[in-house]
Structure formats: structure tokens, C-alpha cells
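The same chain A turns up in both complexes below, where it pairs with chain B and then with chain C.
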Partner chain A sequence: MTDALNGLVKGLYGIPCFEAPKCLTGRIRNGTLGDNTIQVNGTNYTPPSGRRAMIFSDVLFANLSGSAATVFAKFTRGANTYTISDTQSVSSSNAMVSFSRQRVLPVMSNGDYLIFNYATSSCNAWVSIIEFDDSCFIKGAFAELSNGINTLYTVPSGKQASVFNNRDMTPFRGAMFGYNTEAARQVIPYFQKNGSSINCSTSISNSVVGVWGSGAGFQMPAPLMNPGDTIKISTNATTAQAWAWFTYLEFPTQ
Partner chain B sequence: MISTNALGTLLFPNQPFPLSNNAPAAATAYNIANSTTTNLYTCPSGKKAMVCMLKLYNSHGSLTGSVYPVFYDGSTNRRMRTAIAVGAGASATIIVNFVLTAGQKFAVENVSSFSGSISAWATIIEFDDGTPLSTTYLTSLSSGANTIYTCPAGKVAFATSMSALLGQGSSTTPASLSYYNGSGGTLSFSMYSNQAGDSATEPTNRLNSTTLSPANNSSVIGQIPSIRTPGDFFAISNSIAASNNVLVYITNYEFPLGAV
Partner chain C sequence: MADIINSIYNSGWNGFYNNAKFVDVTNLNLSAGDNDLYTVPTGKRALVPYVLSTYNNSGSTCTYQAKIKVGGTRYIISSAAGIGNNSGSTTNYRSLVLEAGESLCISSSNAGSCVLGWVIEFDDSSPMKSFKNFNVVNGNVTLYTCPSGKTAKMFNLVETAGASGSAAATINPTATGVNLTMYLVPSGQSVGVNYQNQQATGIFASADSVDAPISGVLAAGDFIAANNPNASNQLYVWGIVIEQ
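Then we have the complex of A and B:
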């Protein structure tokens, strides 16, 4: 395992994790009340076709409005926009917010946008982005949840996978995040081996994750997953909308 | 925040990132006399060295000690931060996050009211001087805009810190700017993280909402964004000129643009 881990950190058995990587600074300059899309060089940022991107640093805000304000994050995919964080305070006294301290923002694909909703104007923001080819092993899962059991990810044939913490680039140490439109939600995530059935022994967290209304997340085990293994999540969604996301590495069977 | 180490190994899996041939270096002094500046470490030829942190211990039975971290730039000893207060029988630690080049030194200036009883340990990592990790600094400031760092052509600069470099700490210890004022009076400044082509004091690039105003013999640490691409530059706007006894610095790791 040590060799495998070293190999993975060194670039997945010698193969670079990031293919054609490009580092960018995403900006909101003098943001206004309401939604503000992260921009690169003055244009709303979405990864180009054939590319993906992820945020790998905290988000810094400089609130120049003169009074305290709040901010929360949204994620746009296709025609849908999802709230993906709780509301956080942004002080006007030179304190910048380490916004993603307890969460990881979703991996972005072409057509995705990251938005911050301000309850003020005159607020600058910075995010650090790394953009890479679609062929890269780093991928993201993002799914709307229905009442009952939802399959978020299945390892395809000929592949192995591991959940990945893209905030500190740590393989074999994962995190899952979710948001729903109600204050409390019974959520049980499962790591299910191929051919096994869902039960308590395959639950990632045997205890119920009771509140996902605030964009909460939790650490999840990240063992090496083999073809057919799945990550599922059960919810007691009734009237609320809910969604969940995580980052994973998917690479050819070694 | 991703560690520079992790970013380097992921971007360049076959290269010895982030620090080539790195090794810890000894930097210790015991029972330091007061009213003196005591050298802890001199960076040798062919090397750079990152002063990560400074730990002090005061064995005095009743009096609080006071110690400045000091950087010797080849000609002058320069205080780096607000004097560190070390309580009687207590220790204190600060993050320094400064990269020395050959011939430069890291020292402590003991301004305690008593002699002896203060011991100092600096955590220093030494590495090949070809490693693209450097501290850029200003030792005098003009009134108005002062550019501290501009990302060169062909590079992507990743402002980093000791904790980020080593993959330690948390997101609460990100990249930072350090500003020490020993000019004799209060100075005021604002920070700007500018894109190529921007004016140095473009309001939409401003990082602090109200002016930062360190008093004489005190310092301010400001959190700054991580990435700069060619032509991007970091500047401060200073209230008045200060030609002596100031030290403003940030530390960057420069990745080759060809890969990022």
C-alpha cells in the first residue's frame, strides 16, 4: 500500500494526474448585490470543451462596502443552479473569508459556473483554479437526490477508483458534501462492493447524517474501488430538493 | 489550501519538487545576552534556506522577555516583525516564512530588560539555490504605489507559506504578506493583487477594506491570493515614503508556465 500510495501521489504510477494543467486566478471584481459569477480575465469562467477544472484554495473575499455582509455559493450546471453552501459572514474590517474551510467545491466541466451571491455590493473575490484535460484521472460526481437510494458513482469496467480530497490533494482520503433545501435530512451514504447488498456494514457512516441543509460534508473512507463498486446515498427526501457531490480518481486497473 | 509539495508532485511527478536536495539546518542559541543581535544561521554558498518558524523560551523567573526576529541582507540587520513577548517560564512561536539566499542571515535581537534566560530555535530548511522558491522584499517604500512582486514571463507564481509548502497546517495559514514598520511613526497602507495591465492601485484589486496602519516597531500580516500568471503583480499603496527600517515581503514558488 505504501508503494501504491507513493505512486499515486507521484502521479498515479508515473502518469501525471493533471494532463495539460493550467493555473488560473478566478475573480469577482467589485461584485454587486445578488449573484456574481467567477470570472477569468473579465469573462464568466467555465472550463473549455474537453477540459475540467477545480478550485484548490480557499476563496478570499475583500468586502469594501463598509459594513458586514453575507455570501453563499452556487453551482450552475446546464439549466439548473444549485446552492452549495451555507451563508457565511464577510466582515468589513479587512478580514477575508476562508470560504471553503469545511467543504470542497464541485469539479467543474464545460458549461458549469461557480457563483457567489452577495448580500452587499463592492466585494472583491479571488479563487485559485486548476484546469486540466478531460482525460485526467480526477473527476467529480454531482447528483440530485431522490427519496430512497441514489447511486452517485459506479466504477466502470477496466477501471479502479478512489475518492479524492481535492482541497489538499490527498488521495485515499475523501469527503462528500451535500445540500438540501430543508433544515434536516436523514442521509446515509454507502460504499458498496460489487455484488454486495446495501446494509449497515456497507454504510460509510453508520450514524445518520442528520442535517445537510447547510452544505455540510463529512470525511469518508476512500479505499481502492474495483469495477462494479458503487457509492450510494439514501435520503428521506420528501418535499425538499437535495444534491450531493464528491471528487474521485478513476484510472486504468493496475 | 493544497500544499505546494502536493501541487508540485501532481504537476511534475518526475521532478524533485518542491525543494531540491533539502535538509534541515541547525539554528539555535541559548541564554542570549540582551541589547544584542545574535546570529542563528547563515545561508551557505550554493544554497537557499527557508526560515519557517522561530521558537523562543524564557527561563527567567518573573520577567517577560522581548525579542525581534532579524534578517541580515548582506549589509544591514533588519527587524522583521513586532517584538515577540515571551512570558516568564513560557515559550512563544511565530511563523517567519522567509527564504534566505547565500550570505544572508537569520538572527534574533534581544531587547529584554534582562540578559540571558532567552533561548531561540529556528526551523530552517536548506535547499539548492536553483529551486524557484524565493522571497521578494522591499526595505524602503515610496509614497503611493510600491510593487513588491511581478510574475515573470514563462512562470506561474504560487504564493506560499511554510505550512503550505510542507503540507502542514490548515487553510487558516495561507499565503501572506508581511509588513514591518520601524520608521519611527505610524505608516498606513493597502494591498492590491493586480492582473497584468492593471494600475497598481486598481480599486477592484484591493484586498483590505480599511487602511492597515501598523504603529512604529510593529508589523501586519495580510492574507493574499495564491496564483499569479505572467505580468500579474502585487503592490501596496503606502501613505508616506519610508526610507529606513521597513521590511515588506512575500514568498513565491515559481512553476514553469509550460506545464501550467
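Then we have the complex of A and C:
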């Protein structure tokens, strides 16, 4: 089954080398007003110790409330809960909406939870989860940002890395996701090669203020990364709370 | 480690490369003019993926164009694109495989700017190889013939995943639009309408590029041919094959 699953997923999405993968169906059944945690087999889902997980489908909602509904996503890590999407509308009763996985893809580790907040009760949700050993080289970076320059990721010794694009599930294509509690931020993700002071920002101008709305996704540099190379992000989040996340592959130096 | 790279870059289709490794070809201080980023060592080939990322910190608008050097001559493989100071962009083209002694290059109009790139280097005994022809002009030109004892399949990389079939890449380096027709011809046969794989496609002037579909598996002696009826304005055509 493992080999078949590896083959299936790799063949479809180019996702490499899941180790001991397991596909799970996450559900919220007849959710209540407010926060609802994605569950597997009736229990709030977090990857077990030694495992990670990622969402590899859109999230489907069925609105059974009798009126229009709205929903947004949150991500819990430790004692902190982060809003990670803008608000989606489910227009009418008995309607379904597809909540794109592009918005909700922090890679989950043990202790992390995925939550959907409903503005009404009686909504169902389904999502596909793939869970795998944390020795697999798909990893996630998730960080709260401070005003100024933040280092999100540094390649460790003996490793090479590539940013992994959640939009089309391919390596060497950069996509970072972020959320802030104000309407717009200047945000510049960039790549810095070990030993260099040059901030290579391949998609967002250093001279133009980028607008970072709530739950935005944007491109970022995605070169081959060697030990000591870093992914950084600068922001002028002087008053806002802001966080950013992306997925990357980290593998032994070839 | 080839299995890891196969998995990372080829959706788990293993066995395309032997003894593969990633090679960083980043240059954070380009010279004005042509820059050779990487040359394939003896006994190796290198897969050049579809993109070079550029970051312009040269002080003024900078124009980039990707090239390869074959037999000492540089050939364009992308259109030219300019970006403003302190901005980043990408230079995109169709992937190809370089042979020993061939180089990946980029031209930069300004000194002091940056390019971020990488290649996959592997043994030249590997099934993955490519054909390249920089003089498709004045009638039929044979691009690739499947050798004795082998079969071959055109191969599309990640950047074309989801596209139907496989395709050769073309670029028009001249100032005149030309037409291109592709053929997959069985062994012992001649180029003709029965083996046409694609209707004549117009390729406009000045670095316009198109994909030329090639569908099917080649047996020994089968060959891929291209036709450009223009007598003097050549096309560049390349493609990747898996030959086993």
C-alpha cells in the first residue's frame, strides 16, 4: 500500500518520497458557531509524534444552516492560534464551496491543529490529509514576523534545499503565504546566499511597496539552496501582528 | 542519490539519470555581455531546467537573455526581457540537456546584477539526452534518429506537466517569421504527409517560441524531422528524449 500510495501521489503531484505515508479524511461534522477543529475518526487531528502532515486537497464545505454562511481558517501551534486565511462565503443553504488548499497549507507537526471558524452552525467540511514520517524531506516553515528583517529558514550543514510551491506542488517554484492583522503591509521575501549581503528578491520589488492583505499568497525566490543560504522576509509590521509560512524540500547534499 | 533527484524533479519516474547531483550555477556579479554560468564536464550531461531567476541590482534597467554555447557558439534559448533596478524576475525557456563541453549562459546588458540557477548533472550513459539543431532551414532536417537496439520517447518536464503529448521546443532567432512542420517517420520511410505529427505552425520573428508536438514511441531507425520551407531564415529546435 505504501508503494502504491507513493507512486500515486508522486505521479499526480510530483511530491517526492513520502515515507510511511497514510491518507486520512479530515472532517467537521455539523460544525458549531465559532471554531471547529478538523477531526479524524471523531478526534481532533494532529500528526502523531514523529510524523508530519499536509493537506493535499481543497477543503469542501456544505452549508446546511438554512442561510448564507462564512468561514475562515486558523492554525494552532502550541499555545498560539493564527488566522491563516481571509473569509470565504458559502452563498446559500445547501450550497457547497471549495476552499482552496492554497490558503491553508502550513505543514503540520505533532501538536498542530487546523481549525475552521464558522459564522453559523450546521456546516460540514471534508479535507484530504497525507501523513508521513518526519524523516521525509518535505518540511514547513512557519514564523511570527517582527518589524524589520526576519530569517525564516537557513539550510543546515550537509543539506541542500528548495522552496516547494504549494500552488502546483512542484519544487523550485516559490510560493509564500502570509497573514497580517492590518489591511496592507510592505513585505519583501528574499533569498540570501551564504556569505553574500545581496538580497535577491526575484518576484517582489525592493523599491515598490507590496500590499500584503489578509491571507495572501505570493511568489518568492526558489533557487537551489546550499548550507548557510537563507530565506528572509522583511516587513514594516510595526503595529500589526503578522506571520508567514512556506513549504520546502530539505535533502542530503548531492 | 540519483533516486532522490529523480523523485524531486521527475515526479518519481526513476531511472532517467545515473549518479545525478544538483549543481548551483548562481552568479551574483554578472559581467555586461555574455556570461558562461556552467560547462558540462567530460563524461557527463546536464539537465538545464526551464528557468533562471534574475535579480537586478545594477543601478538601472537590465535586459537578460538565456543562451547555450555549443561548439563555441552561443545560441539564444529565450526571448530578451528587461527589468528595473532592485527588481527580480525570471527568464523562462524550455528545458534541455547539455552534453560535455556545452555551456549554459546568460547575457546581461549591465554589469553587477545577479542570476540564480541550477542544473542536474549526471553520467552521459544515462537514458536522458536531448537533440538540438540550430540550422533548421530550407526544407527537411532530421533532428533525432533512434539508434539500433533502442527505443525512445520524447519527454516533457515539470513545466509542461498536464500538457498533452510531448513537444520539441523552438525559437526563431531571425527577424522573419517562418513556418515549422514536425514529422515522426518510421524506419526506412521518408518525410511525408503520412508521418506529419503537426500542422505547419507559424513562428514569428525575433525570439518567438512555440512547442512543436511529437507524439509516439520511436523504435530503432525511426526519426524525428522538422521542415522549415524558408531558404535562409533558420530556426533553433531542441527536445529531450528518454532512450533505453
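Annotations
To be clear about the criterion, the second predicted complex is superposed on the first by the 215 of 254 C-alpha atoms of A that agree within 3 Å, B and C clash if a C-alpha of one lies under 4 Å from a C-alpha of the other, contacts with A are read in each partner's own complex, and residues count from 1 in each chain.
Please note the rule applied: a residue touches a chain if its C-beta (ideal position, glycine included) is under 8 Å from a C-beta of that chain, and two chains touch if they have at least 3 such contacts.
Note that the structure is predicted; figures quoted are calculated from it, not measured.
When the two complexes are overlaid on their common chain A, residue A:154 makes contact with neither chain B nor chain C. In the superposition on chain A, A:117 contacts neither chain B nor chain C.
In the superposition on chain A, contact of A:29 is made with chain B only, not with chain C. Judged by the touch definition given at the top, the superposed model places A:196 against chain C, while chain B stays out of reach. Once the two complexes are laid over each other on the shared chain, residue contacts for A:57 go to chain B alone; chain C is not touched. When the two structures are aligned on the shared chain, A:249 is found in touch with chain C, with no touch to chain B.
In the overlay built on the shared chain, the residue A:70 is in contact with neither chain B nor chain C. When the shared chain is aligned, no partner comes close enough to touch A:241: not chain B, not chain C.
Residues 10-11, 14, 16-17, 170 of chain A lie at the contact with chain B in one complex and at the contact with chain C in the other.
Against chain A, the residues of chain C that register as touching in their complex are 1, 4-5, 7-12, 20-22, 24, 26, 28, 49, 51, 53-55, 57, 84-90, 114, 116-118, 158, 161. Contact residues of chain A toward chain B in the complex are 9-11, 14-18, 21-25, 27, 29-30, 41, 56-58, 60, 62-66, 92-94, 96, 98, 100-101, 124, 126, 128-130, 167-170. Interface residues of chain B facing chain A in the complex, by the touch rule stated above, are 1-3, 6-7, 9-14, 156, 158, 167, 170-172, 174, 193, 195, 203-210, 212, 222-229, 232, 255, 259-260.
Those residues of chain A whose C-beta lies close enough to touch chain C in the complex are 6-7, 10-11, 13-14, 16-17, 137, 160, 162, 170-172, 191, 193, 196, 198, 200-207, 221-224, 226, 249, 251-252, 254.
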